[in-house]
Amino acid sequence: MTALALRLRRSRHLPVVAAAACTLGLLLVGSLYSRNFLSADYLLLQLQIASFLGLIATGAMLVILLGGIDLSVPWLVTVGGVMSAAAAGWWGSAGEWLAIPFGILCGGLFGVVNGIGVAYLRVPSMIFTLGINAVAQGLIVVQTGGFAPQDRATPAMHLLATGRSLLGIPNPLLVWIVVGGCALFLLHRTTLGRAIYGVGNSERAAYLSGVDTRRVTLLCFAIAGACSAAAGVLLTGYSTKAYQAMGDAYQLPAIAAVVLGGTHILGGRGSYVGTVVGVILITLLQSILSVMQIPEMGRQVIYGAVIIAMLLMYGRGRRHSQ
Amino acid sequence: MDPVLELVDVSKRYGGVRALDRAQFACAPGRIHALLGENGAGKSTLIKIMAGVVQPDEGRIVLDGTDRRFVHPQHAVAAGIACIFQELSLMPHLSVADNICITNPPTRLGLIDRRAQRRLAEAALARAGAQDIHPLAPVDSLSLSRRQMVEIAKALSRQPKILILDEATSALTAADVQRVYGLLKRLRDEGLAIVYISHRMNEIAELADECSVFRNGRHVATFAAGSQSDAQTVEMMIGRDIAHAFPPKPPARTAAETAPPALDVRGLSWRGRLHDIRLAVRPGEIVGLGGLDGQGQREFFLALFGVLRGVTGEVRQGGEPVSAGSPRQAKRRGLGIALVPEDRKTDGLMLPMSVRDNLSFAALERLSRAGVVIASAEAEATAAMVRRLSIKAPELGDPVATLSGGNQQKVVIAKWLMNAPRIVLLSDPTRGIDVGTKQEIYVLLRRLAEEGAAVLLYSTDYAELIGCCDRVAVFFDGRIVRWLAGAELTEHALVASALNLTAETLH
Amino acid sequence: MRGDWRFRLREQRACWTAAALFVLIFALYIAKHQTGWTVPVLTTAANKGVLLAIVAMAQTLPVLTSGIDLSVGMVFVLANCLASHLVVGTPLQAAAGVLVVLAAGALCGWINGAIIVYGRLQPIITTLATGAVYFGLALGLRPVPGGDVHAGLADALTGALPGGVPAMLAVLLAVVLMVWVPYRRSAVGRAALAIGSAEAAAYMSGVNIGRTRLVTYTLAGLLASIGGLLLTFVTYSGEASAAIGGVYTLNSIAAVVIGGTSLAGGAGSAIGSVFGALVLRTIGDLLFVFDLEPLWQPLFQGLILLAAVSLGALRLLKVDNRLDLFK
């Protein structure tokens, strides 16, 4: 292999570069199918759709960086949507804007419970978040009386999800930019960010270096819960109603986006820029598959195959003999 | 005698680092051959090549006169080469018998024959002199010393012709060390070729028939054991003359000069494992913890550092009572305790992270404002530390895993020095480290003490305790049984106190 | 031989706990049930429980190697859809269909293993992606629910044997004896535990890591497809439902944990997972039988699941060296 290729393969930035290259590739493939693909309108729409996934992936990335995983995304998204709509129902016009932070807070509370279970009770994150997912489902069923949620989203929520308040940029994208910017800053410039990477690499060594690893873990899960709920609030605003199973379609893509963006699934390594590229990549992939009107079967197969193919390119582990 | 295993012109590179450069080695049956050299000299790489764990880039391996290639550790084992590494190759959840017979177990109808396996395991344990270990016991229920004995039994069960040991006695209790010495001599007399890596000169003197010295990946010399003095040997290893192994100690203070203790521990106890520890360290003093492994020394450090729950007793600093409920509290400015743990790879460093990130990790509060890290302050502080400790790291952005063992340990120490700690606890800091770096660490410790810190050093190396420490507290069964200082501080006294033998029973 | 039984008991302690838990809960269920201990009640319970039990067994194998298989539910569904096409017609055709379904499951497992071993990708993301592929294939086979299955075979397996024993239990026992026990007692099975316990040490000791993982994931796929096949006999049709696949995957993980196997690998037993699965199934029925309002049942099921997996936290109260919390 040439020296350049060798250096690229070992570089930390390879995943992000490779993901970006694949994104461009997808755009080209799409443009072959329909000229619209490269239009500004279409791209902006894609970014708007990507924002929902982007919010969830932000929280998911923090948890994965710690070396854990959050499988409570489906129902925490629903919690955000249902509870914000419910709050709108309870507080009427007074709660028009308050419904939004309320929904996010509910998700954050579940996230805190996740954090307590994982950090303080030392239950593996995979199984605890699974349990929380089931409990959240149970609570939503009770809350909605078993029917489809009847409450409607507030006009404020709708505005946040569909409006373009600043320079013609879709509002969800603005939300993602703000949240993403905070995440980027958090991870790369703050002591908390360093602590997250440290805990993901070795919780023992981080603890012995004086980091309160349990609090760091709790914070990350709380943020992840809030992010999932925030996406749920936006989704409800988008379709003006919450619905059961609104979060199901986001669990796998969120994890895939984080991993395709170069974050190591076992934690300790990864950059937020990579996650952003991963989210856009997944969104484009899903859009292309639906534009090409490939039946659901083909979509699933191609989806899974593309993820594997990309990971084989740049996500491989090392041989034992090294 | 004809060599049974020869390595000819063997070279190996890891990226830009040349681990071995046309190295030569030969060992003969019925001889114990010691391998000496600093960390980074290539010894580990050499035996990994012999054991089939890594492949040489160039060169030949000649076994019994024929050229061989070992692509996988199993090939080397099948060829009669058994290797016992520093990192144990045991699976903790499995039983002793399962571990010993992990590959090629006796089978019946495709399933493992448990009874035959148990017999094999018992035979191997007996050969290693560890008959008291129950073959069905899960390995994680055994102490580190017992596990090392199981490792030896496992290597012997393969009926090797060549046995390689890499720092095999570093984790053993004194009794087991004697057993292993006897075992190795027996095996040598039976005709095995034994290759032995150790940093302990007294071990080499006890066991070796011949010695080979490596430096910077090259073979320097091979000579019969005893034909060179220790000083000459060390000079071959580090390529320069070392004047003194240990920095000079300050004169013992008189009672009038004594300053208030930097650390004053009274009646510290913990859950039946530590009993009524009483210890006072003056600023500028290096106090050693001696005694056999596992007598509570590590637990004492953990208790001071806030890791243990249910610790009773009083700890005072500069006269004021203090307490630490966690390492986070222990390291804060008011208290200023630092702990350098004995296992740097799992407890001291985050290996995939960069050297710079590791260096600044414990001192981030000082290098940040309102939670935001100040990059310039961090770069300055880490560069200063690298200079102060002479850490050999070409790029501070490289993962710390690429550094040699000695430099990694320096990073761990430097990480804590960035906090300007007032109490420095070091748990076996020079284990597995080359002579040159050891010296640097000794000088550093003395300088720290002179600057006013209280230094506590736990070491299993008697020479180190005697050479570095002003006073030594010998632990036995969770208690301090003897204090040794000045002229009393001899190896004899250390050994005797470690075994809890009083002066009366000695004569 | 003194002290031997002590070690063997400790080894299987978690298994016995899960079994005891199951017996307790099932006894409660039968006691409260209107009809009680009768063949139809037992058969219905067995038919539902064995399905999850076999998928839980499938999940146990990769978990022992400190991996995970998030595609077991989808292989389960794929096998179900495939069987609804092939396990029909003459007994010979049906038998051939069974073999094809099992082979397909093993192939799916083998693909998982190959990507993990040769591609050197992490199991969690690999099986997440292949799960999507297998589900897509299932959708292709059965875009809408339908199909059929050999009635004679289905009736026999979902009914009761002479003596009142549900036939499904006999199938479960057969699977345990023919797949799990030989695997566990062979060198490959032990190698799998070795990998889960300390992979680097296993490599140094000469364990063939690649081959062991391949066999493990292949068997997991095979077991999942056995479950899917049995599902076809219970429902007499094939349905490509992502919800069912997802539920079975996630419940299989819960069953493994409740059965006493650590997700970190190295120790555990598929028999424990079987009891864990039966516990999960029975809890759902228990809530129903205690006349708990249907509205509250999902919440209680979730809470009980959470409590069951958090039980291990009790031992934390005894920890006096905090370093032991972090491994």
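Going in written order, the chains are labelled A, B and C, and every chain counts its residues from 1.
Heads up, the rule we're going with is that a contact is a pair of C-beta atoms (placed from the backbone, for glycine too) under 8 Å apart; a residue touches a chain by one contact, two chains touch by 3 or more.
From a predicted model like this one, the values you see are computed outputs, not experimental measurements.
> Based on the averaged CA atom positions, which chain is farthest from chain C?
Taking each chain's C-alpha mean as its centre, the farthest from chain C is B.
> Between what two chains do the most C-beta pairs come into contact?
That would be the chain pair A-C.
> Centre to centre, by mean C-alpha position, how many angstrom separate chain B and chain C?
44
> Hey, how far is the Cα centre of chain A from the one of chain C, in Å?
29
> Residues touching two or more other chains, restricted to chain A: which are they?
Only 204, 207-208 qualify.
> Taking each residue of chain C in turn, which ones touch at least two of the other chains?
Those would be 200, 203, 322-323.
> At which residue positions does chain B touch at least two other chains?
Answer for chain B, listing residues that touch two or more other chains: 53, 307, 326.
> Which positions of chain C touch chain B when the two form their complex?
These residues of chain C touch chain B: 3-4, 7-8, 10-11, 182, 185-187, 190-191, 193-194, 196-198, 200-207, 266-267, 319-323.
> Okay, in this complex, where on chain B does chain A touch?
Chain B reaches chain A through residues 53-55, 305, 307, 326-328, 330-331, 339, 341, 346-353, 357, 360-362, 364-365, 368, 371-373, 415.
> In their complex, what parts of chain A are in touch with chain C?
69, 71, 117, 121-124, 126-128, 130-139, 141-142, 145-146, 203-204, 207-208, 213, 248, 252, 255-256, 259, 265-266, 295-305, 307-308, 311-312, 315-320
> Which positions of chain B touch chain C when the two form their complex?
Per the stated touch rule, the residues are 53, 72-74, 77, 85, 87-95, 98-99, 102-105, 107, 110-112, 134, 136-138, 154, 270-271, 299, 302, 307-310, 326.
> What does chain A use to touch chain B in their complex?
It is residues 189-192, 194-195, 197-198, 201-202, 204-212, 268-269, 321 of chain A that touch chain B.
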